[in-house]
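Look at the two complexes coming up: chain A is in both, with chain B in one and chain C in the other.
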Partner chain A sequence: MPPAALLALLFFYPLALIARQAFLDDSGVANFAEVIHVLHSRFFLNALVNTVSISVAATAGCLVVGLVLALILAFVPFPGSGFIAQLIDTFIALPTFLVTLAFTFLYGSAGMLNTGLMEAFSLPLPPVDFLYSAWGVVLAEVTVYTPFILRPLLAAFSLVDRGQIEAASVLGARPFRIVRQVILPAAIPALIAGGSLCLLLTVNEFGIVLFIGAKGVITLPLLIYGKAIQESAYQVACIIAVVNIALSLGLFSLYRIAAGRLGS
Partner chain B sequence: MLVWSRSGRLVLWVLFALLFGVLFLAPLAVILLSSLADQWNGVLPSGLTTEHYSEVVSGAAGSAVKASLITGFLASTLALVSGTWAALSLRLQGHALRRLLGLLFFIPSAVPSVSVGLGLLVAFSHPPLLLNGTVAIVMIAHFVLISAFTFGNVSAGLARLSPDFEQVASSLGARPAYRLWHVTLPLLAPYLVAAFGLSFALSMGELGATVMVYPPGWVTLPVSIFSLTDRGDIFAGAALTMILVAATLILLLGLERITARATGS
Partner chain C sequence: MSAVAFTGTSVMDVDAAKVRGAGSNVHFDKVSVAYGAHVVLHPLSLDIAPGEILAMIGPSGSGKTTALRAVAGFVRPASGRIRIGATDVTDLPPYERGLGMVVQNYALFPHMRVEDNVAFGLRAQGADKALVTERVKDALGTVGMSAYARRYPRELSGGQQQRVAIARALAVRPRVLLLDEPLSALDAQIRRNMVEEIARLHRSLPGLTILYVTHDQTEALTLADKIAIMRDGRVCSHGPTTELYRRPPNRFTAEFLGRANLLPVTIVEGVGSKGFATARHGDKMLTGAGRDEKTGAKSLLCIRPQHLSLTADSEHTNRIVGTLREVHWQGELTHLMLDVDGTPVRISATRLPMALPEPGATVPLFFTPADTSLVPEDAGV
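Moving on to the complex of A and B:
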């Protein structure tokens, strides 16, 4: 099968070479000293903690925002809500760094929000400076990855029996209770599948973090880029890449299991 | 209808408008505004100008648009051929093998793009396969990253296809090649176009693998936007981003119209 051979040459072979370069030195002898050194280094642990915590926070944000938006779009529709849902969907096709660039103009130190607040309250310094911290990355990732939650949620909600909701509502159930007892159980598989996809995508995210360019916010992909391209330390880059790929593949299996449950 | 009271609905709609406005509308609007901004010291720009557009068009934009379009087109075409081929031949395999190979075709979408670029650098920097520093390595990186999406879209289309048409064609004596070309592929066409559009859009916005492998002289739009903003020229960066967004949207809308016409809906 030529496609499989092509993928093996262009993808799996390079992947194997990353692992090889991570664990073997130039003469082809197994060398774990460097691996242990990197895994214990401050920059690596820092990036690992950053990656995981940003990813978890962004996914939680995507789940909450996605759920609220989907509930309103599906059950309290307004004129034009179908068009709005499509519009949000096209965000999937746009480059992720667009949002970061926009945030610089909105929330940057010379952005609209800060200048507005400084003019209104005659402040000497910009009062809002979350953008250049992990929170800036989290907010940008929530914007970019919420559509990935919204899509399966809207699909799941379209299968919820409207008659059941009307009946519960006529019988006097409050909206909050209907959401909890009728709608949420139907949404849980979609939330799990969408959430694990978000975890995977946010762990792998590169453009947003690169564009924010904050010194304190280094994630694993950014560290790999820095080590390989800026410092030409290929073995270190490969060791970090092995960890990053292992993390991603673990999340990918989680997503496949969740999506498989959703399908059955 | 979940919420019956008028005021309750209004509150929810205001909440929706706020979330949508802050998260989705404001970023797009502000990129458009800043790409046209003259001087921006206050809350709003003091005037509008098309200077940034003429600046980037006369500078890096022309070659960047060309590099992005050529890379996107070639990588997406290759991904489409390979993804369709893979999806069609997997259909003939047994259940277990189909699951395993299907999974393998999806794995590139799960690996971080920077690592894909790193792998290509490590693998193709020595003879006999010396590709480092060529345009081909950028195409390969894009192909690897989008191949899973093309394969997924085409497989999803195949799964929805009713086998009746092919069985009828087969019982009428159509040979496999004739059946593929005149029955299966035309039925798949909408999914093929959608797969091509999505992978083209993804390729246009690809940054992680490209910054690892791009040779001088083949700077794609995202890379050139990054170098502009990194230099502090954020207004020119915004103008180039608008060009990228416009190119992507025109491409997607154009392909959508072709599909709509082809399916007659």
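Moving on to the complex of A and C:
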């Protein structure tokens, strides 16, 4: 099967090399001492906690913002709502770090918000500095990845029979109950699919974290970069990479299962 | 179940209404609806009495659904007010109007079991558990779906889903039940059964006011106490069902409500003391039930297909002559298509002479003056 062989060569061979680097020492002998050492190290655990918590927070943010936006766009049509949906969609096409750059112009220490506030209240120092923290990363990721939730949600909402919503309304249900009991149940597969895709993308996010450059906010991809490129500690980098790959593949299978249910 | 006939008001009707909670009347007060510059409902004034079934019928696009959705609260009138009972509901959201609604495609909640679908409205209105259980049982029993309480909608046939939709609407004890083409998605056999079931349902809930929108005149004739016929966003006639059928006030009503043969005639002698006028069609003098037709006026003589006969008898004092064009045998009915001086005429008969004339033959047709009605040529058109 040449196509399968080509695929294996192109994708799985490099992954296998990484795994090999991670578990074998220079003489080609299995050496788990280094693996255990890295997995117990402070820098690794710190990065793992950062990665997971930023990813979970960003995904939660995306779910909330995406849900609210999708509900408005789908059920409270206003002039231009279709255009806005498309505009948000084009976010998917943009490089993620560009949004971060725009954020720096807006909320950075020399950004519009800070200079404006400093002028208005004659402050000596920029008052807003949330951008250079884990929260800045979360905010940028929410902005960038919300369309990934919005898109499947809008697709799911377009399939909800307007007659059901009207029936619920005549029966005495107020809008909040209709969202909870009629609309959301139809959107659960879309929420799971979009949410797991967001988790996957934010776990692996590199550009945004690097661009924000918040002190002490090191995630797994950033750590791999640092160990491999800056410290030339290849085995350490590969061990962390294996963890990162395992995490990604787990999230990816979750996404596939949910997307499969969405398609059925 | 009470033994009260579903038309007319009797003492028992009133008693049952008291027990069940009396239905409300619905009042359209010069209600108009427009989409942009497109007026789809011209100022409409109409009253549906408590416990009455009003069928609103008319061709597709005539504004029936729009009128019903204005009552439900999904369409904002451009002008006019809508009252339900003593309440002006024009500015109330749908969830505060206390109605029930059933639409063509059922609109059941697909992820809820039948019982939860039926319980939805009660829970939304904050009913306590015991009441929900009791009412759900009651409503499902009323539509004969008790055995299906644990099923999901997708596990039911179309007819069963529509029964559940009706139960869901009834469970909240609505003041008014709105039905928009409720049977149009069902096939003919099931539709006939469902019409009878809705009639039975209304006999058991005589206080329930029903607005029944349909394009099917059979459903309307079977169920309705009164009928409103819509045309191009206007009510073109409104009245008690049998009266509208027997004495259509205009051509559109005569043709839309049951098929009518309409012979163009000229009034020779106006309505006499017995309510009959003499009219001329070609060289034939005919007698027809009239209103206030003036001598010399042009009119249409409405004769229903089942009232024309190929054989004479003492009652059949009217006689015309036609040319037989086609014969359609349909089992219980046979339809004969004829041509009477250029006017197409249809006869529907259960019994015909053994030897039918061949197409092309000239045949005499007989009918009784009491079965006819003179329809003004241009009123309401």
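Everything below uses one rule, namely that the second predicted complex is superposed on the first by the 258 of 264 C-alpha atoms of A that agree within 3 Å, B and C clash if a C-alpha of one lies under 4 Å from a C-alpha of the other, contacts with A are read in each partner's own complex, and residues count from 1 in each chain.
The criterion applied here is as follows: a residue touches a chain if its C-beta (ideal position, glycine included) is under 8 Å from a C-beta of that chain, and two chains touch if they have at least 3 such contacts.
Predicted, not measured: the structure shown is a model, and the values here were computed from it.
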Since both structures carry chain A, what do chain B and chain C do when superposed there: clash or fit? fit
If you stack the two complexes on chain A, which partner ends up touching A:Phe97: first (chain B), second (chain C), both, or neither? first
Inter-centroid angle chain B-chain A-chain C after superposition on A [Cα, multiple of 10°]: 90
Per residue count on chain A, the busier partner among chain B and chain C is B
Based on the superposed arrangement, let me know which partner A:Leu171 touches: chain B (first), chain C (second), both, or neither? second
Where does A:Gln21 make contact in the superposed view: on chain B (first), on chain C (second), on both, or on neither? first
Classify the contacts of A:Gln181 with the two partner chains as first (chain B alone), second (chain C alone), both, or neither. second
Measuring by CA atoms in the overlay, how small does the chain B-chain C distance get, in Å? 7
Overlap the chain B and chain C contact sets on chain A and report the shared residues. 166, 169
Please output the residues of chain A touching chain B within their complex, sorted ascending. 1-4, 6-7, 10-15, 17-18, 21, 65, 68-69, 71-73, 75-76, 78, 84, 87-88, 90-91, 93-99, 101-106, 110, 112, 115-116, 119, 142-143, 146, 165-166, 169, 175, 178-179, 200, 203-204, 206-207, 210-211, 213, 220-222, 224-225, 228-229, 234, 237-238, 241, 244-245, 248-249, 251-252, 255-256
Enumerate the contact residues on chain B facing chain A in the complex. 1-4, 8-9, 12-13, 15-16, 19-20, 23-24, 26-28, 30-31, 33-34, 40-44, 82-83, 85-86, 89, 101, 103-108, 110-116, 118-124, 140, 143-144, 147, 198, 201-202, 204-205, 207-208, 211-212, 222, 225-226, 229-230, 234, 237-238, 241, 244-245, 248-249, 252
Chain C contact footprint on chain A (complex, rising order): 161, 163-164, 166-174, 177, 181-182, 185-186
Chain C residues touching chain A - in the complex, by the definition given at the top: 72-74, 93-101, 103, 105, 107-111, 120-121, 124-125, 165, 168-169, 172, 178
